[in-house]
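In this document, chain identifiers A, B, C and D correspond to the written order of the chains, with residue numbering beginning at 1 in each.
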Amino acid sequence: MVNNIEDIRKALDQAIANGMQVSGGKMADYIPELARFDANYLGASILLTDGQLITSGADPNYIFTLQSVSKLVLLIGLIEEFGASTVFSWIKVKASEQSFESIGRLDQYGTVPSNPLINAGAIALSSRIPGANSDERSDWVNKWVNKLFGEQLQFSEKIFNSEYQHSDRNRSIGYLMKSTDVLIGDVEEALIPYIMLCSFQLNIKQAAYLPMLLANGGVNSNGERVIATATSNQVIAIMATCGLYNESGMHLVRTGLPAKSGVSGLIVAVASGKAGIAVYSPPINSKGTSIRGHAVLEELSASLNWHFANR
Amino acid sequence: MVNNIEDIRKALDQAIANGMQVSGGKMADYIPELARFDANYLGASILLTDGQLITSGADPNYIFTLQSVSKLVLLIGLIEEFGASTVFSWIKVKASEQSFESIGRLDQYGTVPSNPLINAGAIALSSRIPGANSDERSDWVNKWVNKLFGEQLQFSEKIFNSEYQHSDRNRSIGYLMKSTDVLIGDVEEALIPYIMLCSFQLNIKQAAYLPMLLANGGVNSNGERVIATATSNQVIAIMATCGLYNESGMHLVRTGLPAKSGVSGLIVAVASGKAGIAVYSPPINSKGTSIRGHAVLEELSASLNWHFANR
Amino acid sequence: MVNNIEDIRKALDQAIANGMQVSGGKMADYIPELARFDANYLGASILLTDGQLITSGADPNYIFTLQSVSKLVLLIGLIEEFGASTVFSWIKVKASEQSFESIGRLDQYGTVPSNPLINAGAIALSSRIPGANSDERSDWVNKWVNKLFGEQLQFSEKIFNSEYQHSDRNRSIGYLMKSTDVLIGDVEEALIPYIMLCSFQLNIKQAAYLPMLLANGGVNSNGERVIATATSNQVIAIMATCGLYNESGMHLVRTGLPAKSGVSGLIVAVASGKAGIAVYSPPINSKGTSIRGHAVLEELSASLNWHFANR
Amino acid sequence: MVNNIEDIRKALDQAIANGMQVSGGKMADYIPELARFDANYLGASILLTDGQLITSGADPNYIFTLQSVSKLVLLIGLIEEFGASTVFSWIKVKASEQSFESIGRLDQYGTVPSNPLINAGAIALSSRIPGANSDERSDWVNKWVNKLFGEQLQFSEKIFNSEYQHSDRNRSIGYLMKSTDVLIGDVEEALIPYIMLCSFQLNIKQAAYLPMLLANGGVNSNGERVIATATSNQVIAIMATCGLYNESGMHLVRTGLPAKSGVSGLIVAVASGKAGIAVYSPPINSKGTSIRGHAVLEELSASLNWHFANR
């Protein structure tokens, strides 16, 4: 099914217009800095695999933070460098029925995280970032952000500090995993790159690059291979089953678009062979997903016939 | 990506040959009749959307039972007749991290089942089968089995009786849901069609019909629409996140093929736009999935490039 | 520490007077018949081991039902007839941190109930009542009620029927235990005596007999041995750790009186060597314990120095 | 029921002799230093409320560590200084059905520990030790150890260091509680006195002092009041329902002696109005309780009739 670019633009404009009618949700407030963003912002972008970019909604230059969407960067970087079987020996890949920060189930499963897209999984993976010291690990993070967004994103020290000071629950998760050597090395050294990744800033145009790369099998719109197709497919499958915490199942049914959400209000979604999609709107539901973002993706998928099961 | 039929046949033969090398697993024994099947049997079939059928492995006329693959029949029939939003008001659709018969989580979630492909979900749905009496509900079951397999499958009274007599755990699930009106009507009247569905018999050729129908957007190979594309897409999405109980996540990563397993050792899988796949081999792992069946699907997907995220 | 009978009477009158000032709680409503009792009733009795009876509060002839206090009858009868080690091979005796009808934990612990004073434990024990048929088991129940209350209590068929028709959650517990042979025989046949026991009626004077018997080491006030001291001690210890579901711990700290509560609003408590105590007031808290009953026991224990740890 | 001192001595000797026949259990090994103690040691002491001391078994001067028995010190000190209602506003007092280091349930209950005798509860309480700095808190610890054991116990820096380096699970518990302000201040500053308390050393004669004090209502054998009777009663009640983690219920049924165990293999038990008892034998069961210690207490209680419910 081929979509004309004008049809896509219209579908996106319509989805944004309807998304504006959706209300509810709250700004994430567990990190004080997150509460400062514009609750009324709703914007989206679609980056076609051929490089054409469509944006709609509020100012496309408005800057927000990656938050948990960055868990994809960590996962992809490690699979590319260590191989999937090694990465999947560090953590499990179970379809996610749990909240983004469940500790009880972590303990129940022998402290091995259920999947790489919940906090525990990403913190465990963060402890595996190669590097002899903090600077080298920081370089690794910058390198992979650069690769997977096609440019260097800005890092917000303010967000980082705010988040680092409110990380006791993640610190608890870290020490629990350290007690069984699921997290290796020092807990703070694992938390730092984890929180760094959350603290990169970007606008809605930049946000569609990574999902486009996945939609295009790991190749950018210039035809240059950035990551292996196998990596890309594995990550899309993980997004399908775990991308929205305990809402993953219903999201996939409703949109057919494997996605990853973050508490900043960003959702990125993959329409394989077609496009990467990014939507940003800060008010989130109790499960940590942007309410309007979810509505936009649902309408878009329906009007463009982009459900993954479509032939 | 187009596959030549001879390439598919070769890939399937090779996957079966390699699957024969895989050992481990045990016959399901919680229902005595299930223990009688041939533990050495390994066979598979691929039904292309154009109607071409490829089989490989042991005797393609060997007869086994549907077991939990039948949960798809119940789900599809009810979505078609009541609409998805009604069905999803009866049960949740959460990505499945749990075992096939978890009671604890059912209770924790207010007794509303997490998804339609675990026992609790299917039993709750079974209580919604329309019909003024047992016979009418039985007719409904037969009608939908007929529709979704393209022919009337045989019903095994022996399997039914064996299973009915070993259903106390499912009965417990039923009464728990009845205590909160999640299951409506009489528990036994919900269990009967549920177990009936498990007790239909078929061979490996017949087993590929239903997944082919889904792969083809609800249209059979004669071009006749059997179910709506929306239903088909929703069901494939549910299979992607919940089809293999607590193995759903890793299965999707490894194969990229939404699937549904049953403790009989049957797995059906959907390659959208291409084919329905069925594999049968009775020894199952601790999570209720055929060990060899899983291996065959993984190899097949890799060699044919049938991961759903492939463009 | 010896208490003068007049001091006890004053202490009780004062505790009742103060208890009348306590508000809050709701009538149990999950069984329709229970909602019909008098929400304003507050009455208590103390039966000294020498046979002297003190009552205070509302009409001492007001009739209510045993409900879960009857779990003591089942436990005592079976320990007496089968021996403690046999009974403790059927169920566990874990300090109770759970609600009165938790199913999740039952499943987690391999369906063996945590203790005999929660529903699951009592239902499992009920399946062990000796008798070739329903009538014989009913005779067993009547015999032990008679023994442990010193007279035949009236049985309310109305309460029994109301409760039997609202037993689906207990039925669920029963089938779960039957699926692993923790409950033996037929689920309904275990539920019937269990619900029968709940449905006996008595007044506040009669209610103090059983706890007095325990306080007196199994001997009645005429000096006749009714049950073994070992049984009595074991049952008191179980009441201490499990008698008030998930409130057992705080209750023992506050009162020092091992007790058993029922959703009817009755609490019986044991002051070893001194007296049996019964308090009845229907409004219960979220954990199933009479709010005023609890307050009366706390004050009484303090003013009489009846904490079990007192020398 | 009065026991002659010779009868007590005989009963203890007999219980020790029989305890030597009991085998099984393992040395605690999660802290390397704990594995160095003598696995064959079995010794016990009974300190009567009048000050007479009876010992039996191996060398009564053998030195071991307090471990979790020290949780009593923390609890008593804080109740004495802040009052019970304040302490019970910091933590819950639920009968303990859980293991000594459960994290899942902590999270489930909003991170408020179930009781003061599990790790989470004691770590939360440790954060409440008054003191402007580390030295002042250390002084507080020393003061209360001194008070409750009647003399200054030696502190083992070696044990402290070994334990501190293997505290990641407790650190995880600490950060989880800090994330919700259940633990106040710095996690390490709460862990330090907590681990200090575990690291005091004593012999079996010294170990009976604290339980004797409780058995005597807070008064030492010279008749000097050390703590309030109310405190003593509350602590005994907590020991009754939570003293042996998930074995608390069965322990109370079997012995009728409220007790507290530690992974070092020490158990202290209270026979109200009679004596404090201490037993030490390092091999522990899966629940963290000394196997032989438990057997000795059970026999002793039976032969001396020291079940708390005895009149």
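Keep in mind that, in the parts below, contacts are C-beta pairs under 8 Å (C-beta built on N, C-alpha and C of every residue); 3 or more make two chains touch, one makes a residue touch a chain.
Bear in mind that the values here come from a model prediction, so they are computed numbers and not experimental data.
Common neighbours of subunit A and subunit B under the contact rule above are absent. Most remote from subunit B, judged by the distance between CA-atom centroids, is D. Judged by shared residue numbers over all numbers used at their interface, subunit B and subunit C contact each other through mostly the same positions, with over half in common. Put simply, the C-alpha centre of subunit A and that of subunit C have 54 angstrom between them. For the pair subunit B and subunit C, the distance between C-alpha centroids works out to 48 Å. Per-chain CA centroids place subunit C at a distance of 31 Å from subunit D.
Counting partner chains per residue, subunit C shows two or more touched chains at no residue at all.
For subunit C in complex with subunit D, the residues that touch the partner chain are 49, 84, 88, 92-98, 114-115, 214-217, 229, 232-234, 236-238, 240-242, 246-250, 252-253, 256, 258, 270, 272-273, 307-311. The touching residues of subunit B, counted against subunit C in their complex, run 102-105, 107-108, 168-169, 171-176, 178-179, 187.
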